[in-house]
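Here's the structure we're looking at; comments come further down.
Chain naming follows the written order as A, B, C, D and E, and within any one chain the residues start at number 1.
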């Protein structure tokens, strides 16, 4: 099921040693490099504050609005440098981000929200309608709430809306920031199935930042682990799943298998891979 | 390397709760105060007092008051001019009708403004954001009309313009620009300290909580009514005192236009440019708004450019507008934040991060 | 009765004129979430451009026809407003994406200063004339029904018609076109709009250009009434209660708000004013708006203010 | 310093710029003329600097502070509001304030207002003269007539009320008041009320955009423009030019002949404009506001000249000395003629107690294209105005604890 | 209470629910119905919460879980039904009253005070207990300062407990999501509540962090006997730490009971758990 990044697969996204600074003073990424091959699913893992969101923002060029900037390194999409493109130009090239924390358009209805996702599409109404139906098929819950203003839908519904909206653009690559957050377990499963589905059927590439490591590593081909703004470990998903450290800290199955949350004895001093 | 807080450990919460926990900052403040109270009165010219320092101080005070409302409590007000006017006219009436001493007139003016402010603050319990601006604008236009139309407000002055003279503070005449300056400075310092205490205390946190997310604030037990109205009250008190000072000390005689909507806008400008939710921001903002036009006015002179008055004035407008946009781009949180960032950099210097 | 009706009509017409200015505010707010304090300055700028071009172009190109002069000036003024919109996007808005509304509001105040200065520098600060042939003399209707007839201003009637037309077009644009939808999305969340590929820059140039054109229309009508001069920018203050009452995000709201404010302030001035010494219409308009807001905090037709936890 | 400095407070921007610009240009042009033609006042060159107030009192104060130490000639603030704001300061600083045709009406009393010079007329004299003209039209009786005052709702607009009330009591007409909230872009309700009440005359104390708005609204509600009388600040060319025929019949009061042509204009052309030194552009020269500006500068220059006669020709005068000159102006018809103002204005004679110098005015009417003189000169009714001046200046003195000086 | 003593106490705690004394019913929700226009968010829901227990509410997205909490603490006014809290019955309460009675709450979509520092955010939780008047505060005099310091000490302990010391003075807006959740919890804890309503406190956390969070919740529950009502989508967490579980679906209650009972419930499996769990 997992595919190793290999020479035959074309490199899609190449992030090379980027440094990101917020507000001119807060250094968050300290030289992050990663590579996403065309048609693969790559997971970005790490603790809260490790810099996953920041990395995704750097790729999709949404840093600017957060008063952040890439100060070193380069980002290339199929060999083309993209640091200076606008987010809209990136979407034109098929790269779209699902932002952390949903960011639905509060005053628009669910359906209008989804339709805005198709803003850049030029393949006609019919095709857009078709995609819309596809999204509704993925998330039936959205269909029942299609005329509600997004602000008045539940957290999970908004999350589905945000993902659906991105899919409406017919993207080549999706940057998913914590897609599973706030979703009910079987929806989480469904979301990952959708990811897999799009990946295999339509060849969409995914870069996902996820806290649900278990799920992420189950579906991803390759994974990177970030700590404090650095990549501390990378490898094929299957390999990471077997790694003892990963097991202990991210899967909660270190040592003698899965431990009850009730039995966790104390706050662990986090073990760091850093020197 | 001089600006470091290394080695300054805090043993008690009391010391951590100081306004300026860093020693160097405290020293800088004392130096600043010494300069302001001692050196400036000896060195500055009359022009500088009257045209720069006094308006700066009074407007800073008004901005401070407004900042409590807008910056800390998040209630946009375009009626600051009205609150100043109420302060000024109330103080005027207390002075001419009851012959109250200056300090009491000022406080009376502040109290009148407080009542007025709370009254026009009541809609804030229901109306929010820009929509609230309309309530404060109602206050503005109502006051414009009221001070113009209702005769006893101006002590039956037929033209509606009024004046005061012969100011004295605890028996000391406040006549020369330097004396006026010192009076304003003292008042401003006292208010700045009181305001700082409020905003870093429980009530300040209530204001900010209401500003940032009022539903959540209510859930943790903050009463929006109390928080909002107290912000209106405190803010209009300070603004009212500033209005009275503006009228008594700066203008001497005035007509209602002195507190028009332009003044309201100007103060809002100061607060935002200076930094919302920051006491020092009021001072930065006032300095910016008072000094910049003067500077822009003088620059062509210094450069010997033969600009006509009109051209110079239009250019001044353009540059002023452009600078506002520029500063917002550089730091949307105002000059005070810019200053903090600069300080943070200084702390790290010579390392970039 | 006749007088009451006259006052009422007069007020409604005046309200339409306010609505025309208010429309500019609504448009930009609805489409970018920015409350554009520069709207008044834009009205002035546009009117100045129109007035001066219609004066300069005939001289420059050597023709006499007033109609031609007006048409050419109109085109030139629209072009100028488009350039202005482009500059505003380039130099200000683009740099402020994702900032809090208050910072953007402030920026528009800065822009207002800039435009005021630039407008007067380029076009002069004396009084100029716009003559698009608006009829100035009154017309009398229903002379049979009421003694002395009812007085109606033709100029106001024309203005009202133009406003209504603009409103219909803009409402359709916002509700029915994908661009309209994108504009509303931008107003809700700049970042999210960017993230799904809505090109903020282009959108903003479009919106501000439309805002500029609306300002131009308002400027022409007010300018032909009052003469074009700095004070034109102050009509924005009359439009403020209108926008707020109608709802910041509602195009038809601007019209309804205008009608209410217009009629309300005239009636109040005439029937309540004398008791209070007169001159009350200015603040009364705001108090009226305030009264409505207490019932509907989002204005009559504004989007509901959302607060959810 | 070998030059005599003249501070020029002006507003070339903002709401009132259309009035302020020609006014400011006129002030400057005349100073340039004196320098170019006469080489200054008895050889003392005049220097000057403008400071932009935008009609804002606070900015005006700053300008005053900025320029007050530079020299000694009077401040013409161009604004009633700024005059209010600087009057006390000027008293303390001993600086001359010249307010020709505006300012505080009671400041004509030189015993209390030592440093203020509301030359040539105040709003009281203006209102009085207008009433005189109306009286004449109505053949001497205003019993039972209705007169409305439509005014800028500010101290400026309110100044004439006191006098009009006195006049109303005397003549038996009914005075109704219509305040218009500045800026006065929308006046429909006011004019609808006027249409309803049908006053026989409307006096218009307006400023800036309020004037064209009022005339337009009068037109739209069908109120006869012939029945409107405006104060001189609402009677300039720019106020009605664009309305053209729509304003035909509109009356305004003036303190000078509208005559745009006098010797001073010829000199101005010859010595200043032909040398490309002029301040004004286009057709401003000869407009009411421009001429008024020149008059103000002329009065300043003559005060300096008068002072030099006493304190030493060819010397730079101090403020104290200029004040003396202001108080001892005696511009007879002959002198005015020599100065090139013979056609423009009437003689002026000031004294220690009389700081106004002249209280004559006349009416002009717009014929759709230009202003025409339609009345002879009226002198304001001293029996009404003098007690009012006394009363209010005494009140001012009491408020300010000023002991009026003796002028005898 | 700080991290080191905590470790000891937790080590002593027995892993089974019986270790704590579950008391009487403290909060009872009866026949609550809530509609928004045509949307029926809640239909006739009843359940109770006992003192000291950890009560979980689960259900698919849009089931009405958050709305339920909003009803309990007075943000929404249900059209029907009543809530009994410690013997007193209310149809609708305002948020302030609820807070005064000792109910604290965290939010699903972070509702922190963005412009304030972590410390100040948590200090707001102490608001109800701070009594000095505004004048004393302005002078920061005697009682005002003493009070401020006393509460600061309490808050510092919470900060230690939640291990967010380094961020004390950071504006919360800049913190990563997971830490913001912790601050949210801290603010609620600062109220020293009797009942703590937690809306998806562990969303967006990795296993390690969830373990920490569970520890915090269990400790609060143990140490202070705080009753906890918890909404959570991570079944592992819910099954492990809760005493009883309510299951909502489309605004209706479809299950109520111990974790094991709920896990076996057909309806629940179909509507929520799916097959994998």
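Just so we're on the same page, contacts are C-beta pairs under 8 Å (C-beta built on N, C-alpha and C of every residue); 3 or more make two chains touch, one makes a residue touch a chain.
Only a predicted model underlies this, so the values are computations on that prediction, with no experimental measurement involved.
Trainee: Can you give the shortest number of steps from chain A to chain D, where adjacent chains in the path must touch?
Mentor: Graph distance in the chain contact network comes out at 2.
Trainee: Based on mean C-alpha positions, I'd like to know which chain lies farthest from chain C.
Mentor: Between chain C and every other chain, the largest centroid distance is to E.
Trainee: I'd like to verify one number: the distance from the centre of chain B to the centre of chain D, where each centre is the average of its C-alpha atoms, in whole angstrom.
Mentor: Comparing mean C-alpha positions, chain D is 37 Å from chain B.
Trainee: For chain A and chain E, what's the span in angstrom between their mean Cα positions?
Mentor: The computed centroid separation for chain A versus chain E comes out at 29 Å.
Trainee: Round to the nearest whole Å and give the separation of the Cα centres of chain B and chain C.
Mentor: Measuring from centre to centre gives 32 Å for this pair.
Trainee: Quick check: how many Å separate the C-alpha centres of chain D and chain E?
Mentor: Centre separation, chain D to chain E: 74 Å.
Trainee: Provide the list of chain C residues touching at least two other chains, using ranges where the numbers run on.
Mentor: Residues 120, 125, 277-279, 282, 308-309 of chain C touch two or more partner chains.
Trainee: If I count partner chains per residue in chain D, which residues reach a count of at least 2?
Mentor: Residues 12-13, 17, 21, 153, 179, 181 of chain D touch two or more partner chains.
Trainee: Of all the residues in chain B, which ones touch at least 2 other chains?
Mentor: Residue numbers touching two or more other chains: 141, 144-145, 148-149, 213, 215-216, 219, 310, 313-314, 317.
Trainee: Going by the contact rule at the top, pick out the chain C residues touching chain D in the complex.
Mentor: It comes out as residues 3, 6-7, 10-11, 13-14, 17, 120, 125-129, 136-138, 151, 153, 155-156, 222, 225-227, 229-232, 234-235, 238, 265-266, 269-270, 273, 277-279, 281-282.
Trainee: Please name which positions on chain D make contact with chain C in the complex.
Mentor: The contact residues of chain D facing chain C are 12-15, 17-18, 21, 153, 177-181, 183, 185-186, 188-190, 192-193, 195-196, 208-209, 212-213, 216, 219-222, 238, 241-243, 246.
Trainee: Inside the complex, what are the residues of chain A that reach chain E?
Mentor: 22, 26, 45-50, 53, 100-102, 141, 145, 148, 152-157, 159-160, 178, 181-189, 211-214, 249-252, 258, 260-268, 270
Trainee: Hey, which residues of chain B end up touching chain D in the complex?
Mentor: So the residues of chain B in touch with chain D come to 46-47, 50-51, 55, 96, 141, 144-145, 148-149, 158-161, 163, 165-166, 250-258, 262, 294, 297, 308-310, 312-314, 317.
Trainee: Name, in rising order, each residue of chain B that touches chain A in their complex.
Mentor: Per the touch definition, chain B meets chain A at residues 341, 344-345, 348, 353.
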